[in-house]
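Note that chain A is present in both complexes that follow, paired respectively with chain B and with chain C.
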Partner chain A sequence: MTLSPKMRTRMTVFWMLLPTFLILIGFYLFPTLYNLELSFSDITLLKLKKGGDFVGTTNYTEFLTSSSFRDIAINTVFWLTAISVSVRIVLGLLFALLLNSKFLKSMRLTTIARLMLLVPWATPPVVAVIAWRWLFDPTYGPINSWLISSGLISDPIAFTANLATVWPAIITIIVWNTTPLIGVSLLAALQTIPEDLNEAAAIDGANRWQQFRFITLPYLMPTISVLTLMSVIWTFNNFVYVWLTTGAGPGTFTNVLATEVYMKAFIDLRIGYSAAIGVSMAVVMAFFGAMYFRYFGLTEMQDKVG
Partner chain B sequence: MMKTRSTNALANGIENGALLVAFAVFAVFLLGPAFYVFKGSFENLSVSLISSDGGWTLQNYVSLFQSGYFIYVVNSLVVCITATVLACTISLFCAYCLSRFRFKGRGFVFAAIMGGQFFPWIILVNPIFIVFARTGLINSQIGLILCYTAFITPFTIYLMVGYLTTIPKSLDEAAIVDGASRFTVVTKIILPIMWPGMVAAGTFGFLQSWSEYLLALALITDNAKKTIPLGLYQYFGDVQVDWGAVMAGSVVATVPTLLLFLPLQRKLVSGLTAGATK
Partner chain C sequence: MRHHILTKLLLAGTVLAMGAGSVLADANLVFRFNDSERDEMRAALDEFEAANPGIKVELQTIAWNDARDQFLRESAVGQGPDVVHIAFVWTQEMAEAEAIMPLDELTKYGELPNGFDDFIATDLTMYEGKAYGLPWTADTWAMVYRTDVLADAGIDDLPTTWADLRKDSEIIKEKTGKTGFSFPAANQVWFPANYYLWSNGGSFIEADGNGGYKVGATREQIADDMNYFKGYIDDGLAPRSILSIDEPQDPALMQGLLDGSQAMALMPTNTYRQLLGAYEQAHPDEKIPFNSGIMMAGSQAPQTHLGGRTLAVNANTEHPEEAWKLVQFLSSAPIFEKYYTNQFPAQKSLLSKIEYRPEELGFAKEPGRSHPHLGCLCR
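Showing the complex of A and B:
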């Protein structure tokens, strides 16, 4: 049997795409839909074989009206996402501006700075948490021993167990690990700003702040928005930093949506309930995802290949 | 006149000094934690808090590997390398089709690839766990490899599509006219040209899976199957942390990523924010 060239090409495309389709369906589409189904059932890890019974929206109403919902939502939205993303954008911007300043450029510090940024960037999150837990450690940690030897405090502070310091501690770890990406991206964007724009503005009498406000910032805005949106999406459902730093503790003080999903499924063994939390998260994420697609995503990749 | 010039010079000096100080603060913040872990991994920490004798020792590394850390390193290498090779192979063919053909569902694949890069895996842990539990893939390296392959594929496809668009289509067409099949074109003509792009995508995929924690935590409980991120946390005992082992283990976990990251950095940034800066 011989196939026409057109059919042959079709067959080739089919076979070449098949593995990708299998992955997309098997590991993205199917689990998402299955998770949706689970969220309407009372399935637990103990009756996995039998499966759960349909319970309607019970899981959702239980979660949304539970006493812990408010705290979890605030922790996730305010601390984990809003604060940590803002801090890393601001710090990344400051660092990029610093490296782009005439004086530091003339000192040829940019290459060294790139290497410096590489260290936290390449550090796996697990190790980032370990490094800071060591720095924060009340008995061995360097931070406590500096503070004590400089006379600022008399007793060591357990930074990751103290209610006043635990969120700042977690955010410090996230910021340390993720700011380099922001810094390097913004530096790359800064370097595309034509030099004569600022010179012309200076001749017209614009001061430094005005140059920053009306030239640099508008120029950086597209990069800042894409980085912000990306960071929000990555951080909102991040599990590893909170889990490894505090285990959602002390108590459930630093519990976020991602750790709640994990704990409900693998500690309380309530898979169905946990799935409902996951679906709620997915709805929020879908909103940000749609924003990303709308402004940056799809158009860019399709523009590239036509 | 002289006076304003000297005050200007002074102001400049102060400003430059401030910039240097700011740079130093950033340097300490960025490098400090890694430095302390590196330093700690060569110190004798495990005895008691006062007895730190200040000497350098390899004891942490020796006892780390004696306590079975080696198996985690091997597991991580096996899982991550296999997943990376699989993902790159799958991505090569997919990216080739996306860049060369128009077909039904092409828009869907694009959307899925962009979406897949940001997909919240925390949501997929439950369904994947159940499916794996029913098919016997819990505590299996095959299961973890499949997950990691799926996990890194969207970004490797994305990177490769970008690379493939720089390769002229006339190359493939010439070979097709000479009677080569599409499959031969990809493996014999495209692959050698885009090898640097493959290496970059592969490096990225490897790094992603190397530091993955959540899926490994949910799917692997058997100590003999654990990967480095899980293994490291073994040394955080319930009561006491074996800091010496943890530090040495952290250094072992980070050295490969640092070395791989170095050549990759620029490519990654241009890939991630290409849409915004064009």
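Showing the complex of A and C:
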């Protein structure tokens, strides 16, 4: 049988893509489906050899109606995600504008400033958290030492144990470690804006704010849009910062969805229940992503920029 | 020709037999040990290897926080160390998960010198009528005092009740400006909070009589418990920074006791022995200004817990005989005399031989709440 040229092209494409599909099925689809199966069972770490029993949606119902659900959801959505992503985007934009400014160029500081910005980003999160825990330490930490020696406080502050300071402390660590990526990405986007647009606007009488508002910002919006989406998904699912900084404490004060998944799986040993939380998180993020692109989609952004 | 063939066959047979013999004789074991005495344990294992030329032991260490779920996960997929160091209270769940071997499958390779009954807390190793691990070390928490600071504050008698402890802390603060009683106020506040509640007739949980559990304290009892410890921080008797201290061996707490800026604390046995060791190292020719005492009493007698560690053999091990030989070696007296000296053995025969230092007697007399039939760790 002789294949038509079109069919031959299709077959070539199929065979070339097949390895990728197999990898995706093996490393993504299979674990996802397995996790989904676990979420409908009562399997625990003690029953891994025997296997769990099917319990329907019990795990989901128990989680969504648990007394701790509201606090965990607020911690995850408001503190961990909304606040930290907003701060990162705003600070990242400020860093990008500063690094792109004529002032830094005139001072010949552009290169060193960019390198300095990259240092926190190059620091592994585990190292960043350990370093910041030491900085925050009430007994030996330099922040407390400085605050006491400058007379601002008389008794050291247990930043990671005090209910008033624990969330700002966690957010500080996240922002320090991850803002550089936002800054560098926005800097790259800033450098694509044609200089003559600003010059033309200036000739037409636009002040600095108007140039930023009506030229720079619209150009940056596609990048900001993607960075925001990525940051939200990455932060919403993040486990490292909260767990290593506070262990979800004091008590469960900073417990978020990712730490709840860990605690249910490896402290309470309830793998099935934990899987149900994980699936819930994935559904929330998928819904968020779909809505985000619907209302702040890249195509629309591109249209605005022209 | 026949002669040559016969010679070759004999040679080949000899080589094969030697090879097979060496496979049977050689065993590479992995021992997962989670305490900080890694160097000492390595030295002990070197002694074991020298006495057992066919067995090599790799010493593996992971954090206690991860030890339980890590081993359960490994065991479920046929992996994990041959011999594992676990907490007393994990033994039954490890047995339920079929992660560890019952002792009756191991004792066929060699009986214990003084029998299983020589061990304490054996009830914690029992699951469905079988014992699954060998209690290895026993510990409890007791009070520790810096005697020179108490003397400076004019306190002659050690406190015996929670109320005395608070009162003495106030006197120490007032007369010396130092901290009286301080404690880990983060995660492990669980320990003193339990002791306080137990000694006042409550319990966070208790058996409900139907195979389950229920809350064993009233709201008022729990609030009183929390307020007692919170009061030290609110009233400036202990630094607010202890809110971020998780464990009694935290350097900040240890340093306070070492430099004499803190008078009283509570801690487990091995931490106290590390404290004494650190003081002796820093002040080689000085008298040790430490003493220990039993836990505080409330409206009822003082109570602490009896904790400890178990040695268990992985159900997946390919070398049960060698693993059991290692467990027997680790439970022998020389280990506690030469290598693992910060710990108390969980064997009555070995406990009876311990010569307690005068400053350790508080730990020796500490009652064990979890197992009142054990009485205490004393001789």
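Assorted remarks:
We take it that the second predicted complex is superposed on the first by the 264 of 306 C-alpha atoms of A that agree within 3 Å, B and C clash if a C-alpha of one lies under 4 Å from a C-alpha of the other, contacts with A are read in each partner's own complex, and residues count from 1 in each chain.
FYI, a contact is a pair of C-beta atoms (placed from the backbone, for glycine too) under 8 Å apart; a residue touches a chain by one contact, two chains touch by 3 or more.
Quick caveat: nothing in here was measured; it's all calculated off a predicted structure.
Contact with neither chain B nor chain C is seen for A:52 once the two complexes are overlaid on the shared chain.
When both complexes are overlaid on chain A, the residue A:185 reaches chain B alone and has no touch with chain C. Contacts of A:266 after superposition on the shared chain: both chain B and chain C are touched. The partner that reaches more residues of chain A, of the two candidates chain B and chain C, is B. By the touch criterion stated above, A:140 is placed in contact with chain B and with chain C alike. When both complexes are overlaid on chain A, the residue A:240 reaches chain B alone and has no touch with chain C.
Of the two partner chains, chain B is the only one touched by A:119; chain C is not. When the shared chain is aligned, chain C comes close enough to touch A:161, but chain B does not.
Of the two partner chains, chain C is the only one touched by A:249; chain B is not.
Comparing the two complexes, residues 48, 137, 139-140, 265-266 of chain A contact chain B in one case and chain C in the other.
Those residues of chain C that touch chain A in the shared complex are 66, 68-69, 72-73, 75-76, 93, 96-98, 185-187, 239-244, 251-252.
The touching residues of chain A, when paired with chain C in their complex, are 45-50, 137-140, 144, 155-162, 247, 249-250, 265-267, 269.
Put simply, chain A touches chain B in their complex at residues 9-10, 12-13, 16-17, 19-21, 23-24, 26-28, 30-32, 34-35, 38, 43, 48, 94-95, 98, 101, 103-104, 109, 113-114, 116-128, 130-132, 134-135, 137, 139-140, 142, 176, 180-181, 184-185, 188-189, 192, 222-223, 225-227, 230, 233-234, 236-237, 239-240, 244, 258, 261-262, 265-266, 271, 274-275, 278-279, 281-282, 285, 289, 292-293, 296-302, 304-305. Listing the residues of chain B that touch chain A in their complex gives 15-16, 19-20, 22-23, 26-27, 29-34, 36-37, 40, 45, 49, 90-91, 93-94, 96-99, 101, 103, 107, 109-116, 118-131, 133-134, 146-147, 149-151, 153, 157-158, 161-162, 164-165, 181-183, 186, 207, 210-211, 213-214, 217-218, 228-229, 232-233, 241, 243, 246-247, 250, 253-254, 257-258, 260-262, 265, 269-270, 272-278.
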